[in-house]
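Next come two complexes, and both contain subunit A; in the first it sits with subunit B, in the second with subunit C.
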Partner chain A sequence: MFLQQLVNGLTLGSTYSLLAIGFALVLGLLNMLNIAHGDVFMFGAFLGLSFAMLGMPLYLALILAMVGAGVVTIIIERLCFRPLRKSHFLMPLLSTIAFGIVLQNVATQIWGSEPVRYPQTTEIAQFQLGPVLVSSIDIIILATSILLMVGIDQFVKRTSFGRAMRATSEKPQTASLLGVNINWVIVFTFFASGALAGVAGVLTALVYSQITPFIGIRQGLIGMVAMVIGGVGNLRGAMIGGLMIGIIEIMNDAYFAAGYRDIILFGLFLAFIVFKPEGLFGTKEQ
Partner chain B sequence: MLEIAHISKDFGGLKALKEITFHVKEKQIYGLIGPNGAGKTTLFNLITGFLPATHGSIQFLGNELTGLKAHKIAKLGIARTFQNIRLFGTMTVKENILVAQNIRARSGVTSLVQFFSSKERELQEKADDLLKRMGLWEKRKEQSLSLAYGEQRRLEIARALALEPRLLLLDEPAAGMNEAETEDLLGRISEIRNTGKAVFLIEHDMNVVMGICDYISVLNFGELIAEGTPDEIQASEAVIEAYLGREEE
Partner chain C sequence: MSVYTQGVIALMGVNILMALSVYAIVMADQVSLGNAGFMAIGAYTSAYLSVKLGIPIFPALLIGALAASFIGLLIGVPLLRLSGLYFVMGTFGFGEVVRTFFMVFEPTGGAYGFRGPVGATLPMIYGWVLVLIVLFWLLSRSRLGRSLDALRDDAEVASSIGLNVTLLKLGVFWLGSFTAGIAGGLYAHYMFYIESGNFHILVSAIAILCVILGGMYTFWGALLGGVIFSILPEVLRFMGGWRLSVYGSVLVLMMIFRPSGIISRQMVRNTGEWVGGIFRKASS
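After this line comes the complex of A and B, so read on.
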């Protein structure tokens, strides 16, 4: 029973991790929050749904939803961040709140506000591993998330583009004097952030099997909680933070009371902000 | 190679630079001196695209630099160091060098796959070479800010050289260095010129300027008050009055 819940928690948590990484990427670079991130997640889920309805196989729908969500996030950068670099520091944050609400309503216009069922594109197989029952969907979610997390971690650590990202994050002006095209780094980072949210959207929709235009609100906040617990702007922290939140949420539902779920999660959020603002793994160094 | 013509820079009402004109030739070590607040670093900031000029023109190898973004100017072959060291503190010594080498790497989307190509290995080898030449090889895996002060300055020069510039701008390279470190630095600057690069430096230390520069300009309150060889500058009345006289207490 406990092991089963642990696997469920990890599966759920890995989608939170993907969201948290997206927050951390943008925050690490610009020291700003993209509040519309949760709505990009929702939009990605719907894009995936539309592609799946067209009869595309899951992997293709996933990739296209990723690209679509990434493009939406590039639009957010061009509209809500770039023109506001010299404005009051809260303006980009406020503009993304507005963008998120617009996105929710665009989704409502396209897909309606009633919950929509995800089509069954893959045969769900169940595997009994000792005491744990794992479905093929769990495996797809875990494998995809872990692959993306390891990929992004190594990309930032080892590639020349990753170094340019870290340099820009620390000292953007110095980086540009060393030939780094900062705007291109920012655009790419936003794309990656959105693409991860898009994947998370499709994967989450597979678990819950139905979605509405308003699922992004709580998910976005949970992604933020995961990032803060891991350490603001810290990529590895965001990954672990997401997994932890998933496990806590599932354990709470299994052994305590589902009604207390958000009291516990957001209580924890508040506790971290007040008592351990650097999170478990430290914030992005300045 | 670097032609500065009628360059002015205003900060609000303050005229930081007034109608500055001079040029730096290939393989020259050019010195820019002047009291604090004379506008020396401002001029560096204009050349590197850090700040826009109010008016005037800066040409480098026939390219107009005013209006270009900093990363484009870097690509044309101008690298600089800073008066107050600006290393990437969250990165290792070698990573600091590798960032500057990105410029020789592919840009755009193809840079994403570069990690899997032979280009990355080539960059790594070049970075290793540079670290050995600058005497930083043993420290390559350390965090850059854990280095001693003199080493940090050397790393900043190494990082600028990693851009493979034609012109190297050094903003007070000897600041805070002891005599032995300064001596070592002078040797390195000569070596850099011998590899065919021009060096343009700002310096307060007169021994450095007089000992190494081929040609010197003197700035005072944003105006160019003298230029010439070290001997000419040392003999110039205007310079002694504005600068040297006041410095020698």
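After this line comes the complex of A and C, so read on.
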């Protein structure tokens, strides 16, 4: 029973990790929050759903939803961040809240506000591993998330573009002097952040099988909570934070009261912000 | 006046109060994304008092707002150590804790919401608006107001000339949470029914937008923002299903083209001199 819940928690948590990484990428680079991130997640889920409805196989729907969500995030950068780059950090934050309202409304107009079922395009197989029952969907989710997490981590650590990203987040002016194209780095970072949210959206839709235009709000907030607990702007911290939140959520539902889930998570978030704002793995610069 | 118009005007009063509650905290250079939480505490407390215990509306409102501001003090002590983005995230976390708390708290109805508070009238709502505006006006002209201006311009210099920065910050945080508590109580007693969804993070966000777009450096901006943000959604009703898209887009565009708000401090000063000039001419 406990092991089973642990696997469920890891599966759920890995989608939170993808969201948290997206937050951390943007925050690490610009020190600003993209509140519409959760709505990009929702939009990605609906895009994946539409492609699946057209009869596309899951992997293709995933890739297309990823690109679509990435493009939406580039639009967010263009409208809510670039014109406001020199203003108070609050402006982009509020601007993205407004953009989130737009995304929710557009999704309602296109797909309706009733919960939509995700069409079953892949055979679901169940595997009994000792005491734990794992479905093929769990495996797809875990494998995809881990692949993407390792991918983005290595990309930022090892490639020269990743080095440009780190340089820009450290000292944008110096990076620019050394020949880094800052705008290109920012656009790419937003695209990656949105693409990860889009994947997380499709994967979550696979598990819960029902999506509405309003799932993004809570999911986005939880992604932010995971990022803060892991360590603000720290990619590996965000990954671990997401997994932790997933496990806490599932364990709470299994052994305590499901109604208290969000109080516990947001309470934890508040406690971290107040007493340990650098998170579990963050560096103490703030 | 139709019921619809009355409803819009009543909510406008509540929005103005919420904008003032954000402005109070902005006076100390902090932006709170959790004022919907204080609003919720004021709303649920006063509603419970008047419905379950039969307490008249005025003391119920006052106790609700005092409860909100007491929680404000408790949470303010640790939160005010944070600055910038961290303070925003902290207050946001507080707001969500309060909202999710009332979603499961059975004595006030939990997920079913709370039904029954009545008695808030338009004159009562605008009476409170007037009282608070006078309060903010007096504050802006007082020695305390000057201290807050100094704190906002440069906290370090302010503390070096002997101002108790922590106490000032805590004071305006108290005032902000009290104002939001009043707004919540009035909202509950006007709407007859409240649920935790009424105190969503968007409520806090809209209150901040009122202050920013009205103008961050004077409480007149909060007033103007409250009016604009109450009328704008109604004006956009003809857009039908796309209303919220247009609303959101207008906000994004406002942010791009008028990031410093509509009313600046200089504008208030100039207008004041202009009005004063007219009076001087008329009397001479």
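We adopt the following convention: the second predicted complex is superposed on the first by the 282 of 286 C-alpha atoms of A that agree within 3 Å, B and C clash if a C-alpha of one lies under 4 Å from a C-alpha of the other, contacts with A are read in each partner's own complex, and residues count from 1 in each chain.
The rule is simple: contacts are C-beta pairs under 8 Å (C-beta built on N, C-alpha and C of every residue); 3 or more make two chains touch, one makes a residue touch a chain.
Just so it is clear, the model here is predicted, and its values are computed rather than measured.
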Quick check for you: in the superposed arrangement, does A:F99 touch first (subunit B), second (subunit C), both or neither? second
Which partner, once the models are overlaid, touches more of subunit A's residues, subunit C or subunit B? C
Taking the superposition as given, does A:N31 touch the first partner, subunit B, the second, subunit C, both, or neither? second
Applying the document's definition of touch, where does A:M91 land relative to subunit B and subunit C: first, second, both, or neither? second
Who does A:E170 touch here: subunit B (first), subunit C (second), both, or neither? first
Quick one: classify A:Q4 as touching subunit B (first), subunit C (second), both or neither. neither
Which partner does A:G267 reach: the first (subunit B), the second (subunit C), both, or neither? second
Once the shared chain is lined up, is A:L221 touching subunit B (first), subunit C (second), both, or neither of them? second
Subunit B partner contacts - residues on subunit A that touch it in the complex: 155, 158-161, 163-164, 166-167, 170-171, 173-182, 184, 285
List the residues on subunit B that touch subunit A in their complex, please. 48-50, 69-71, 74-75, 79-80, 82, 86, 88-91, 95, 98-103, 105, 107-108, 111-112, 114-115, 120, 123, 159-160, 163
Contacting residues of subunit C [partner subunit A, same complex]: 31, 78-79, 81-82, 84-86, 88-90, 93-94, 96-97, 100-101, 103-104, 110-111, 201-202, 205, 208-209, 212, 241-245, 247-249, 251-252, 255-256, 259
Which subunit A residues qualify as touching subunit C in the complex? 31-33, 79-80, 83-84, 87, 89-91, 93-95, 97-102, 104-106, 108-109, 217, 221, 224-225, 228, 257, 259-260, 262-263, 266-267, 269-270, 273-275, 277, 286
